[in-house]
Amino acid sequence: MTQGAAIDVLGVAKRFATDPPGAPAVLGGVDLSIGANEFVALVGRSGCGKTTLLNIIAGLETASAGEVRVGGTRVTGPGGGKGVVFQQNALFPWLTAARNIAFAARNRGLDAAAAAALAAELLRLVGLDGAAAKYPCELSGGMQQRVAIARALALDPAILLMDEPFGALDEITRTEMQEELLRVWEARRKTVVFVTHSITEALLLADRIIVLAPRPGRIVLELRPGLPRPRRRSEPTLARLHEQIWDALRDDHAAARA
Amino acid sequence: MNARHALPPLALLAALLLGWEAAAAAGWLTPIRFPPPSRLATSFRELALEGFPFGAFLSTHVVATLRRVLAGYLIAVALAVPLGLLIGASPLLDRMASPVVAFGRSIATLSLLPLALVWFGTEEAPKVFLIGFGCFWVMLSNVIAAIKLVDPVLLRAARSMDTPPRDIFLRVMLPAALPRIAAGARMALGMGFVVIVGAEMIGTSIGLGALIMEARTFYRSDITMVGMACIGAIGFALTALLGLLEARLMPWRRGRQT
Amino acid sequence: MAPPLRARLAASPALAGALGVALLLLAWEVAARLLWRDPATLPAPSEAVLVALRLLTPGEIAMHVLISLGRILAGFTLAAVAGITLGVLCGRVAAVERLLRPFVEAFRPVPPLAWIPIAIVWFGLGEASKVFVIFLGAFFPIWTSAWRGAALVPQVLLDSARSMEVRGPALLFRVVLPASLPDIAVGLRVALGLSFGVLVAAELIAAERGMGRLVMQARELGQMGVAIFAIFLIGIISLLADQQLSAIIRRSVGRWRPV
């Protein structure tokens, strides 16, 4: 199993071609170093560029300036051990859960039998052994995202990039999925970059939280909760950190509107 | 499509036309089967100014065809709309009529041509009948669907405002069904046009369908091609015209695709 | 209508439908026998069926049907292959779309039947001309639906595939094509319906055998009953073909997308 790789974001900036000339950039020169097997959360309001940054790390979008290195190698495109889990349902609807996972495994070079075995193993890992032969349309939102995570893991990726993966789920399911994710991550350590707009979610999950503000997109705060997992929402440290992050976001927003 | 994008297809078109012309000149393509573009241009003039066959101008053919289409189409619409509204509004009638409508639509309209010739003679009547028949079923099924598919939420809202049933029908159902009825009207006209071209190929010498068929017996495939281009142009114009009408009559649908 | 009957009709669409058809046939039967009374021009349904069965052998009917179906199969299959391939390419490869679309759109307004005379000039009176015209009729709806389906594949599916290093032709074949199947299925059904109409017309105008020819032949021989029988036969067969296609679609695409 591939070890988690370090990610280096070096002076990454992004401007959309459709932006008017004077407008602030989506991302304005971001520098970030993520260690191997570190769980990092990117938090910010909509439009702060967190999804764009994730896409650039994933190689799905190109930066206007700067570069990203994963495990020391420059990112030039998607794939290559950069697993992605999206917010919307990205499972191939015409394949069963098991075949979706096997699809990723086959792409890595496994033959059909090995891919099927890996799919079964990963389904067990995410607690869905009975769902192998089900189509995505037959699965609930939470189950779909679990399959999506299993599929990303099937790539045996060096890094796992998650773009608000639980954003479309109801709150109860979301809480369950957060616990699931931590459990899976304990079992298969990877470097994780997790984008969310929920401060609470970031505090519950991450080793390190990077707070971004928009226009131009940039880092305004970085902190480590420093608490062992699983964390409880009622912990006083979390409440204090929540305030801190909230203040950082609010100040920036007020300053922008002034 | 901006200028730069229009270039490749235009270039391809020019290349094809030149290639065609050259191949005909070199004798690779027989002029009977592939009259070159230069010939087609003169044929068009001939058709417009001298007429074919025997002095029937292009305008004569076009008018004859359009008259027949219009007559059959208007009769069909006049019958189909009230009947369709009635059937669509009554679940019982709808269920009884549904296989009949399905079957009516599946009858190949032109297969009735021989019968129509026996019943109505060989003048205008059998053609008008065929067009009417073809348009009728298309229009009917669309009107029925239009009424059935009126958003139940609208009806519930009207009823909760104590609207009397007659008003519900006239002031809620009808306007709500109108876009789909208009779409059906467009489809029915298209159908009518398709039918007439076929219907005119048997036993007539005036009309666009007759024109292209007659031309073949005279070995004038150049006239056939010119006739086909005219048919295409008119078909396109009719659809565009109806589209404009639709936009005018239903301004609340502007910006949405049917 | 007595309440129990109304209730039963409301409960079963099949029963209501059957009643509708039965009423219509009955009205026709009565009108033909009592009002029109000229079986030579408008026979009653019962008369039509009896005459047809007397004058035509099952073998003869079968031959015409099979020939027609064979033509449809050939034209439809060619149209499906060409339409799906070009449609998917147009939907996803901008260069292809820019090049091909104007040509396809230029030919689209010409009704397939209008191609019959030129098809006869190019291919003669044999099978090829009929298959060609059917191909033209079926091609456009299939191409349009494939193009639409391919163009509207959700970006997230494409990004997913790219993050799994699926690119180029593999992306088109393993992701875009399956994702477009629901739309293509609709296009296929429309195309099949059109094919029957086009086929019959082509056979009426210029054929020696086939269901359309059967109708024409009956008229030439003054056998109205046979003509009516043949017309209904065409209708029934096209309905059956559509049902078959729908069943195939339900069993394949219908398993992973509510159809």
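For clarity, chains are labelled A, B and C in written order, and residue numbers in each chain start from 1.
As a convention for this text, a contact is a pair of C-beta atoms (placed from the backbone, for glycine too) under 8 Å apart; a residue touches a chain by one contact, two chains touch by 3 or more.
Treat the numbers as computed from the prediction; the structure is a model and nothing was measured.
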Closest chain to global C-alpha mean, per-chain Cα centroids
C
Name the two chains that are joined by the greatest number of C-beta pairs in contact.
B-C
So, comparing C-alpha centroids, which chain is the farthest one from chain C?
A
Counting in whole Å, what is the centre-to-centre distance of chain B and chain C, each centre being its mean C-alpha position?
18
Separation of the C-alpha centres, chain A versus chain B, in whole Å, is 53
Please work out the Cα centroid separation of chain A and chain C, and write it as a whole number of Å.
48
Which residues, counting only chain C, touch chain A once they are in their complex?
154, 156-157, 159-160, 162-166, 175, 178-179, 181, 253, 255-258
List of chain B residues in touch with chain C within their complex:
1, 5, 8-9, 12-13, 32-33, 91-92, 95-100, 102-103, 106-115, 117-119, 193-194, 197-198, 201-202, 208-209, 212-213, 215-216, 221, 224-225, 227-229, 231-233, 235-236, 239
Inside the complex, what are the residues of chain A that reach chain C?
58-60, 77-80, 82-84, 86, 88-90, 92-95, 103-104, 107, 135-137, 155
State the interface residues of chain C toward chain B in the complex, per the touch definition above.
6, 9-10, 13, 16-21, 23-24, 41-42, 95, 98-103, 106-107, 109-118, 120-122, 193, 196-197, 199-201, 204-205, 211-212, 215-216, 218-219, 224, 227-228, 230-232, 234-236, 238-239, 242
